[in-house]
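Accompanying notes for the structure given below.
The chains carry the letters A, B, C and D, assigned in the order they are written, with residues numbered from 1 in each.
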Amino acid sequence: MAKANMRYRFRNLENTGFPTSTGKAGTRMIDRTGAARIRKSGFAFWRKISIYHSLIQMPRWKFLFLVFAFYTLMNLAFALIYFALGTEHLAGAEAATSSWQQFVEAFFFSAQSLTTVGYGRVAPVGLITNTIASGEALVGILSFAVVTGIFYGRFSRPRAYLLFSKNMLVAPFRNGRALMFRLASYKNNFLTDVEASAMLVLHQPKGESRDSKYFTLKLDISRISALALNWTVVHVMDEHSPLFGMEAQSLIEQNAELIVSIKAFDDNFSNTVQQRSSYTHHDLVYGARFLPMFQHSDTKGLVIMALDKISDYEPAALPEFQHTPE
Amino acid sequence: MAKANMRYRFRNLENTGFPTSTGKAGTRMIDRTGAARIRKSGFAFWRKISIYHSLIQMPRWKFLFLVFAFYTLMNLAFALIYFALGTEHLAGAEAATSSWQQFVEAFFFSAQSLTTVGYGRVAPVGLITNTIASGEALVGILSFAVVTGIFYGRFSRPRAYLLFSKNMLVAPFRNGRALMFRLASYKNNFLTDVEASAMLVLHQPKGESRDSKYFTLKLDISRISALALNWTVVHVMDEHSPLFGMEAQSLIEQNAELIVSIKAFDDNFSNTVQQRSSYTHHDLVYGARFLPMFQHSDTKGLVIMALDKISDYEPAALPEFQHTPE
Amino acid sequence: MAKANMRYRFRNLENTGFPTSTGKAGTRMIDRTGAARIRKSGFAFWRKISIYHSLIQMPRWKFLFLVFAFYTLMNLAFALIYFALGTEHLAGAEAATSSWQQFVEAFFFSAQSLTTVGYGRVAPVGLITNTIASGEALVGILSFAVVTGIFYGRFSRPRAYLLFSKNMLVAPFRNGRALMFRLASYKNNFLTDVEASAMLVLHQPKGESRDSKYFTLKLDISRISALALNWTVVHVMDEHSPLFGMEAQSLIEQNAELIVSIKAFDDNFSNTVQQRSSYTHHDLVYGARFLPMFQHSDTKGLVIMALDKISDYEPAALPEFQHTPE
Amino acid sequence: MAKANMRYRFRNLENTGFPTSTGKAGTRMIDRTGAARIRKSGFAFWRKISIYHSLIQMPRWKFLFLVFAFYTLMNLAFALIYFALGTEHLAGAEAATSSWQQFVEAFFFSAQSLTTVGYGRVAPVGLITNTIASGEALVGILSFAVVTGIFYGRFSRPRAYLLFSKNMLVAPFRNGRALMFRLASYKNNFLTDVEASAMLVLHQPKGESRDSKYFTLKLDISRISALALNWTVVHVMDEHSPLFGMEAQSLIEQNAELIVSIKAFDDNFSNTVQQRSSYTHHDLVYGARFLPMFQHSDTKGLVIMALDKISDYEPAALPEFQHTPE
């Protein structure tokens, strides 16, 4: 049993969605924010872009700028039409005599139609201008449906708000060694049914280039019922682990990378949330243990979790690698 | 088999997301509403707050007050701009001669722009005021997208609407003893695929402070297909239970706490809903059984469930602890 | 193995969320639309009602009537305030001299504020009326957020659109007998990962009243990958079934009810959908088989499914009950 | 064990939601876009249509045309009412003397009410016209709630954006043969927890018509943790496969069709996405292997995936069928 198990454990995963052969130097697969370091080619730019995904992911300032630009351009486009049709069809804009003044009136009439604010100081007269204005109100309603949908979608998007420790440690654990990192939710959200998974990538030199091998690491505990405090995710480096017997040097040489993924249920979103991160060998501390990050409050009997201590560790002597009996 | 099972059952869960060492007195981990009794420190206030979560969770009066305050402040801010630009750029506000009157006109013009009601009795004239007004309508549309999104989100948030019995009982069950609590959905929702889970926390004295130990309790039935009536969740206190042989005194001394979590599918939300609660030793009645809480209606043949009887119990003599054969 | 299995199979489910003792006559637990036949008492009316659930579930005409009534009442309430404040604060309403005319002007001004249409023929003047009007626009935006949210929510609510056969049959199946019903999706939706579950309720006479026993029926196939055509759900009445050896008379005497539940994934909703139904012994045809309900089209090579034939069956002689080897 | 396994593997799936007997020629079950090739009859058209599904699925131009048509018709309907009531009840429209001019004023007043833009140049006067206008604003708000809901729903609908290889190959694999196809996500989305499933359909001649048999194909790897690059889904054609020993000719004669389904979690949608496709024997290349579709970038160390090479393959000699030891 133990043997079959080992064989399975050590089997290189052939199909992980990641490349199995990487250039001269093994490169990181996932960056710390969880994004894959892949570029797609061969398709036209617009075919490779999901507008929805782009708008949801982009930084806030960029999104707001785009909304502003879209709003201005739409107003401009309709303003040019009203201007071309003649401001004599805009009741209330008769006082505007210069072209510039007329354009300004057309522009703001357009803005008032698009947002459906419709003060009416300037109002459309005649068949064509009225038709355009009616169309603009419809366009405005539809456009703002998407703009506000995305705006609220960005605001309410289910996120895990997980804080990961800066380092992964190889620490003493049950008379042997274990690879560990820890995490905590740092906002006022409460996650339940929390599942962790970890994949190890080793880039082994093979002639000129390097072979990338992938291993799913078995976690000591891979699911907890609630994440009220911090969680130290532990992979025991026993004989069933691909890391059994590996010292720090060996991990560095193979450009070890740990891709971690946390999935949980958030009650307030009533939705599953997920967050990924990645540790490279630069983030590895071989021979250390995490320091506790909570203390007890006296006044209300609440437990206090110090989020700024999540990466705190102290050096620790490591015992020999330990065999785990089946 | 039985032995291995026992060993597993009695193993203290090392990683539950809750602290393993609690202060002088064992403190409650989860309050009755299901919130964790944890405080987070070390991060700036704003980094620890998810605005979305806060707005969804806060009491209704607080949320409505915030909306009102936001609306007033936004109007105030824009009103000051219009006032500073001069009310001569607000057509229809010419009659306002005093500064106060002019400010009032600017303020309500702002409100009419922000809500896009735009009566137009007062309307912007000139490039700058028009630009601000156009901007305000956009700001209004975006802001109200979030406000109304949260407002509707609060209203339609998937919730389980579960009513738990006030007490957990140790009751006679199949020639032995069992720990029980019961629950029912108290609104016009219908839950299916209902799962229950229960975690026991024992705070054992250890020198000055106390050690917190966590046990997942095996439930006699942990999943039912529909929650039409009440459900009595049962943990058999047999030799496979960490509660085997424990009398009332022992549970009180160890500050026993039962953290319960119910997960179900709600057809109307088409979503998973979850509700947590917690019983402490203060809620424990050792030696009692629940009284039935439904009766039969004669007129329409409907079963009537009396929600006000959910906590009703009667004293009951307990048999000895019973071994369950494998 | 077989024996243990049997014991398990025949075990009466003690906890189903349904009552275990029903009045004089065994009553139906679930009606054909899937609603539980339960009434809740002991709580005040408003505590037992989830407004969201009520608004989502009620018939369309009732919902639209409520919206209309709400709109009228809100307008009325604000109209009374404007009227009380005096229509001299409503610019454009000066021509209204009688109280009735003034009230009419106030009422429609209110409607124009609440919907933010704001024509402006009538517009607020003065501090107090302006304040009320600003407030009304805010109230309108918030109210319509809920109204339109529910309105769209009703429209886009994930539903399975499943059509069930009118009867459940006991049909010949693999040299033995099986209980069957069939279903199909009757709209232009496509369901994948479809799961069926069935629970049998038998109401056995016990003195004056009747005991309700519940059995989860094992289905020959309980999950299919896609529901393109119809699906005949089959429970084999072999020795592992609580129905083994039961003739029609016995099922009628025990008021047999079959509660069925179908769960699936709908690609367009990107959501899980669920539908329940129930068959009583009145819907049972003992000794019949379903007729095929699809035929082949010649022109485009499409398969044609005749939805109106879903309940079609023909009498069929039944073989003896058959033992299924383990 | 191996034997039982084989028996199970080869068992024809009796209930797949697809027809088991197909006309003269075996016809395709699923087209390349994943839609089932089924037509439903026996119900009235409107009963078979889910308006929501239709509006979500239809092409964009069709949807926009419908919105435009709906908007125009609604305006027309209300315009006729205002016109019938007399434009003397529309303040600001007095200048319109001809019937056509009056109708135009009524029409655009209607548009301004429906969109709540309400310029107010034309405004309702009198009880009846005001009542209709108030009603129209309400109708507009409710209608646009559905229109914009669907419009945004179409935009934000969770989709997998998967690109499948044009062909399925029978390729050399581990000293034997395997059936393969590959896929990649071609947009800026990132899928995790990706699951593949494949069902084989064989249409065997049986007298005049053909019998359709369904087999779930066991996949070498059926789940990967993330789809950063391409994924080659592999079914080993060993003795446990219904394809064991089948040469190209045999697959063509039986009109072999492979129905594939991919399910994954998309972080940005926070939702499960699903995509189906189908390969017929016309898409089969017997004796070929896929060419690699990624290369390494030098400048930033990113891996480049060439989407246009997803269908690229080269001929490959096939070894004999291989037995896989249990």
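The criterion applied here is as follows: a contact is a pair of C-beta atoms (placed from the backbone, for glycine too) under 8 Å apart; a residue touches a chain by one contact, two chains touch by 3 or more.
Here the structure is a predicted model, which is why all the values come from computation and not from measurement.
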Numbering shared by both copies at the subunit D-subunit A contact, with half separating same from different: different
Winner on C-beta contact pairs when B-D is weighed against A-B: A-B
Whole-Å separation of chain centres (CA-atom averages), subunit B against subunit D: 37
Computed distance of Cα centres, subunit B from subunit A, in Å: 26
Contacts with two or more other chains, residues of subunit C listed in rising order: 112, 116-120, 149
Partner subunit B, residues of subunit D touching it in the complex: 116, 118-120
Subunit C-touching residues of subunit B, taken from the complex the two chains share: 67-68, 71, 75, 104, 108, 111-112, 115-122, 144, 147-149, 151-152, 155-156, 159, 161, 186-190, 192-194, 220-221, 224-232, 234, 265, 267-268, 270, 294, 296-298, 301-309
Of all residues in subunit B, those that touch subunit A in their complex: 13-19, 22-23, 25, 27-30, 34-43, 47-54, 56-57, 91-92, 112-113, 116-120, 123-125, 127, 130-131, 133-134, 137-138, 140-142, 145-146, 149-150, 153, 157-158, 197, 199, 216, 259, 261, 263, 269, 271-274, 276
